[in-house]
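Once you scroll down, you'll see the structures, which are given as C-alpha cells.
Paired with chain B in one complex and with chain C in the other, chain A is shared by the two complexes that follow.
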Partner chain A sequence: MFHWLEKNPFLFSVGVFLVIAFAGLVEILPNFAEASRPVVGLKPYTVLELAGKEVYKKDHCIACHSQLIRPFKAETDRYGQYSLSGEYAYDRPFLWGSKRTGPDLHRVGNYRTTDWHENHMWDPKSVVPQSIMPAYQHMFTNIADIDTAYAEALTVKTVFDTPYDTPNGVKLGTLDEAKAAALEEAKAIAADMKNQDVKDAVANGQIPEIVAIIAYLNRLK
Partner chain B sequence: MNSLMIKALAFAAVLIIATLVVVKQMNIDLSDPINMITMLGAVAIAALTFGVSAKYVNQMKTDRAEGELTEENWDGIGEYKNELPGGWAYSFLGVLIWAMWYFIAGYPVNAFSQIGMWNEEVKAYNTKFEETHKNADEATLQQMGESVFLVQCAPCHGETGDGLSGKAQDFGSRMSKEQVLYAIQNGSNQLGYPMGAMPPMMAQGADAEAIAEYVAGGMKGEQPAAFAVCSSCHGADGQGNSGMAPNLAVYDEAVVSHTLEHGKKGQIGKMPSFKTMLTPVQQKALAVYIQSLSAN
Partner chain C sequence: MQSNAALEYDYSVAKLFTYTTILFGFLGMLIGTLIASQLAFPELNYLLGEYGTFSRLRPMHTNIVIFGFTLSGIWATFYYVGQRTLKVSMAESKFLMFIGKLHFWLYFFGALVAVVTLLMGISASKEYAEFEWPVDVVIVLVWVLWGISIFGLIGIRREKSLYISLWYYIACFLGIAMLYLFNNMEVPTYFVSGGIGSIFHSVSMYSGTNDALVQWWYGHNAVAFGFTVPIVAMIYYYLPKESGQAVYSYKLSLLSFWGLMFVYLWAGSHHVLWSTVPDWMQTMGSIFSVVLILPSWGSAINMLLTMKGEWNQLTENPLIKFMVLASTFYMLSTLEGPIQAVKSVNAIAHFTDWIPGHVHDGVLGWVVFMIMAALFHMAPRMFKREIYSKKLMEAQFWLQTTAVVLYFTSMWIAGITQGMMWRAVDEYGNLMYSFIDTVAVLHPYYTIRTLAGVLYLVGFLMFAFNMVKTMTASRKLEEEPQFRSPMAA
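Up next is the complex of A and B:
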C-alpha cells in the first residue's frame, strides 16, 4: 500500500518530519497558549506607564535589575509571590533581565512608594547607604515621550488585540484623550512628590521622565 | 586451552601482579577495609576484563549457528526458528509491565514540578519555623526582628531605624509633634482597629497643641486636660485600651502588625502594606525590635 512511499526516500523523510512535528506541536502549543494567557485581573499598561517603561528600557535598568521572581523560598521571602507567565501577557517585550546587580523589581510596587523612588532616583545612597546604583537626576528634567508611548499602545491594540477601551478596562481613546489621561495620572503622582521643578512641570502640562517611571514602577505588583 | 586463552590469562596475571606491586610499594595498609576492597576490585576488574573478552573473541572465531531454518529466505539470508533466550524474554516482559505502570501511574504521579517543590519547601520550612519559635525568647525575637528589619524595613526607615532624616517614620520615638497634629486635624481610619475611624478635628488650637506636645514628649509629666478627648478611645494612659485603638505611647505588637497589614498614609508619606510578606512570628519579632529602638 505504501510501497510508493518507500521508493521516494526524500518524500518519505519529509512525511516523517511532518508527522513528528505535528505530534510535537499538538503536545506543546496548548500548554504554551494556556500559560501565556493573561492572569485574571491583569490590565494593559496605561500610556503613562508605557512611557515609564520606555524610560526603563532607555536607561537600561534591565542591565542590573531583573523582573522575574523564581519559585525559590529565598526569593519569595524577599520579593513576594513567584512570577507567573500570564503576568507578562501585555509586556511587549518582557523585561525579565538576566542579571541582578540590584534587586528584582517585578513586585516593587508592593513595597516601595512614590516618594521613596523620588529620593532613590535623586540620590540612591541617601536611602540605601551601600547602594552602588548611580543617581538618575536627568529623569527629573527630561520630558517623557507620551506620543511614542501612545503609538506603542495603539500598535499593540491594533496588531495584538490588547484589550484597551474595554468596559472597566484601560481607556486609550484618541491621542489627545490619552495625553489628557496621562497628565491626570501624572498629577496624582506629582502630588506625592517633593521636587518643586517636577511639580511645576506637571502643573504646566509637561510630564518629566521621573513621573512616568514612578508610574511604571508602582504598577509592577 | 588455546593460545588466545593463554594470552588473556597472561595479560590478566601481569595486571594483577602490577596491582600487588603497587600495593606493596606504596605501603598501603590492607587492614583498612576500604583499601582491601579497592585492591580486590582492581584484581577482579583485571581478571573479568580479559576473561570475558577472551571468551567472546574465542566464540566469534569458533562458534557456528545451529538450528532449524524457517522456510522463507530473502536473497539467501535466512532465519532460525530458535527459541528466544529466556533471560532476554523475561526482561522484555518485565519492561513491558513496568512501562505500563510508568505510563499510567509512575510518571503522572511522580513528575517533577518546580512549583510543587516550592510548595513543599515552604511548607516544610514554615512548619519547622513555627515549631522552633513557638515560645521564642526575647533575645531570639530581637535578633530575628533585626534581620527582618534590615531586609524589609531598612530601605525606607534606614538601617538604624532613624527614618533617614524625615523620609520615613523615626523609630527613636513614638510620634513627633507634627504627626500628632496631622492626625488630629485629618483624623485617621487606616489601621483597622476595632474602635474604627478617628474623626478629624477632635481638638483644636491650643488644646491640640497641648495634646501634641504631651504625646510627642512620650506621655510624661502632667496630662493636659484636653487629653480627655483622646482617652475615650486611646485609654487614659494612651496605651490604646488593650488593643481597641492604636497605642500612642509605645510601638506595641498591635501597632506594628496593624501597620504592616494595612499600610499607612500619614504626615510623612505613604507606607505600603506588607500583609503577606511576614509571618506572625516575624511580626512579633519586628515589634520587639522596633520597641528596642525607641527604648534607647
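Up next is the complex of A and C:
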C-alpha cells in the first residue's frame, strides 16, 4: 500500500515531518499575541527580584512548588484568586511547575512575610514541624548575582520591549544605578531579618541570595 | 560485495553507546532512588551540602535518565539495527565511521558538561529542558551528527525498503529536532547586554502562558519521541528477531505509525489543563489524548499477536518475557495517560504523585525493560559470547517487576489521597486539611516507593553485572546465533 513511500527516504521524511508539525501550527501559533498581553498595572520585576528569581531557578524550587492557582473553590480558598494569563506576561521562563510536593506559591506574598521566609529557609521545621522541605542555609552565605539579573532586565527591555524606565514604572538605568537601587531594596528587607551575617553583608554592599529570593517571594501576589 | 554474501557488521559505535547506557542507567537510577528516599526521610537532603538537596538533584535524575540512559540506548540500538535492516556495514564507509565515533565522543563530552552545569545550578528551569544555551548548542550538534549517520547509512543501503524500525528512528530524529529547537529558543543575556553577568544565562523567547504552551508541547512530545517512538522501533526489531516470528500485521504497523505521528503532538496541552491556556486548546489536548489509545495499543497488540501460537517461548526465554512485559506496561501506561487527561480526573490528579507514578510505570516497565532486552539480545552478537547467566536474568526480571508494581501502586494511592484531601471540605464548606496534613499522610507511600527504587536499582546492577560478564568471561560463540540468544544456565 505504502511500499513505494518506504523506498523513498526523502519523501518519507518530509511526510513524517509535515504530519508531526501540523498540530503545533494549529494549536500554538494562533493565540500567541493575545496570551502574552499583561494585565493592567503589571510592573516588570526589579533587578533584585530578578536576582531572586534566579535563585528560585538555581535551587530548582519548581521541583516541588507550583505557581498556578486553578479555578476551583478548594484552590481559591487555600491560595487566593485564581491565576490569570496576563499576570505571567513578564515571566521568562514561566514557573508554573507540575508538582505540589509543597504548596502553591503564586500569591505567597499575600500571606507570608520576610521573617517567616527567613526562619523557614533556615530551618523549615521551626515553622512547619512536619515539613519535609530541606533547609536552604547556603542561601544565607552565597551572594546573589546582581550583574546577571541586570543583564536579564536589559535584555528583555531591548529585545522584548518590557517596559522599564517608563513614567511611574520600574527604573532600570545604568548598571551602577541598578546596583545601587537593588542594594536599597535589599536594605529594606534585611531590616526585617534577624541573621547578623546577612545584615552585615548588606551593610557592606553585598546581597546574599536569601535577601534576593525573599524580595522575589514577597513580590508574588 | 554482493547483497547475499554474509556481511560483517561493525559494532564499534554500538558498543560505545552500550557502555554509556549501562553507566548512565546506573547513575540515573541511583540518584532517583536517593531523591525518592529524601521525600520519605528528609535528613538525606544534607549528604552533599547545597548540591545534594532534592530540588538540585531532581533535574539530574530526569536528565540523566532521558538524555543519558535512554538516548544512549536509542543510539546503541540504532547503530546495530540500522546496519542490519539496511544491509550495509559501517566498515564500508570511513566517513560514516568517523561521524559515528564523533557522534559518540561529542555526546559524551556534552553529557559531562551537562552534569556539571546542572549540579552548579545553571538551569533554565524548564522541565526536561533545563540545560542552558551552551549545552543546547552541543546537543544540537550531536543531533545533526546522528542525522548524518541515519541518512548516510540510508544513502549507501542495499535493502531498498526501509524496515518499520527505521520509520520510528527517523521520526524520533525529526520530532526531537523540531521540539528541542523551538522549546529552547532563548536569548543569551551576556551578548545583548554587552558583556554583563554570566555567559551561561539566557531568557526564554516566549513568556508566561506562551512559554508554558511551548514547554508542554515539548515536554509531552519529548516523551513521545524519546520514550515511545524509538522504543517502538526497538520492539519491532528485537521481538521478531529473538522469537523468530514475523511481525503479525503490516497494515496494523502502518496504521499505528501514521496514527501516532499525527495524534501525539496534539495531546501536549493536557499538561496545562485548568491553567490560563485557552480552553479550546485544553479540550483538544484531552480529546486527542483519548484518541491516542488507538495507535499506541495498535503497536502493542501487533507485538503481542506476533507471539501468537508461540507463547511457550515466554516460559523458556526470559528475553521474550522482558519484551512481552514491556509491551504490556506500554498498554497500561497509554491507557492511564488518557484517563489522567480527562479534565475532571486531571483536576484531582494534577500536581500529585499519581503523575510521577504514571511516568514510572511507563519508563521503568516499558522503556528500561525494552532497552535492557535489546542490549541482552545484542550482546552475544556484538561480543561473540553467550549471555553469562539465565538464572540471574530470571531473578532480575521478577525483582524489577515487583519493584515497578510497588512503585506505581504506592504512587496511585498517594496521588489520589492527596488530590482528594486538597479539595475536602467540612459540612460548613471550609477546607478540612491544611497543606501539611496532606504531606504527612504520604509518608508510608514514599517509604514504599523508596523500597521499590532500591529493588529496581539492585535489579539494574544484576543486569549490569550480567552484561559485563557476558562481554568478558562468558563462553565464546563459533557463529552468530540466528534467533534465540544463547545463554548459560
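Basically, the second predicted complex is superposed on the first by the 187 of 221 C-alpha atoms of A that agree within 3 Å, B and C clash if a C-alpha of one lies under 4 Å from a C-alpha of the other, contacts with A are read in each partner's own complex, and residues count from 1 in each chain.
Note that a residue touches a chain if its C-beta (ideal position, glycine included) is under 8 Å from a C-beta of that chain, and two chains touch if they have at least 3 such contacts.
Please read all numbers here as calculations on a predicted model, not as lab measurements.
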Partner chain in contact with A:206 - chain B first, chain C second, else both or neither: neither
Which of chain B and chain C A:175 touches, first, second, both or neither: second
Which of chain B and chain C A:128 touches, first, second, both or neither: both
Which of chain B and chain C A:112 touches, first, second, both or neither: first
Partner touching more residues of chain A, whether chain B or chain C: C
Which superposed partner A:71 touches (first chain B, second chain C, both, neither): both
Which of chain B and chain C A:155 touches, first, second, both or neither: second
Which superposed partner A:83 touches (first chain B, second chain C, both, neither): second
Contacts of A:24 with chain B and chain C, given as first, second, both or neither: second
Common ground on chain A, meaning residues reached by chain C in one complex and by chain B in the other: 71-72, 77-78, 128
Complex interface listing, chain C residues touching chain A: 38-39, 42, 45-46, 49-50, 53-56, 58-59, 121-127, 130, 151, 154, 160-162, 167, 170-171, 174-175, 178, 182, 187, 189-190, 192-193, 196-198, 201, 203-215, 217, 251, 254, 258, 261-262, 264-266, 268-269, 271-272, 274-278, 281, 284, 288, 347, 350-353, 355-356, 422-425, 430-431, 435-436, 439-440
Residues of chain B defined as touching chain A within the complex: 114-115, 117-118, 121-122, 125, 151-152, 154-156, 158-159, 164, 167, 269-274, 276-277
Residues on chain A engaged by chain B in the complex (per definition of touch): 71-73, 76-78, 80-82, 110-116, 119, 126-129, 192
List of chain A residues in touch with chain C within their complex: 1-3, 6-7, 9, 12-13, 16-17, 19-24, 27-28, 31-32, 35-36, 54, 56-64, 66, 68, 70-72, 74-75, 77-78, 83-103, 128, 130-136, 138, 142, 145, 147-152, 154-156, 158-160, 175
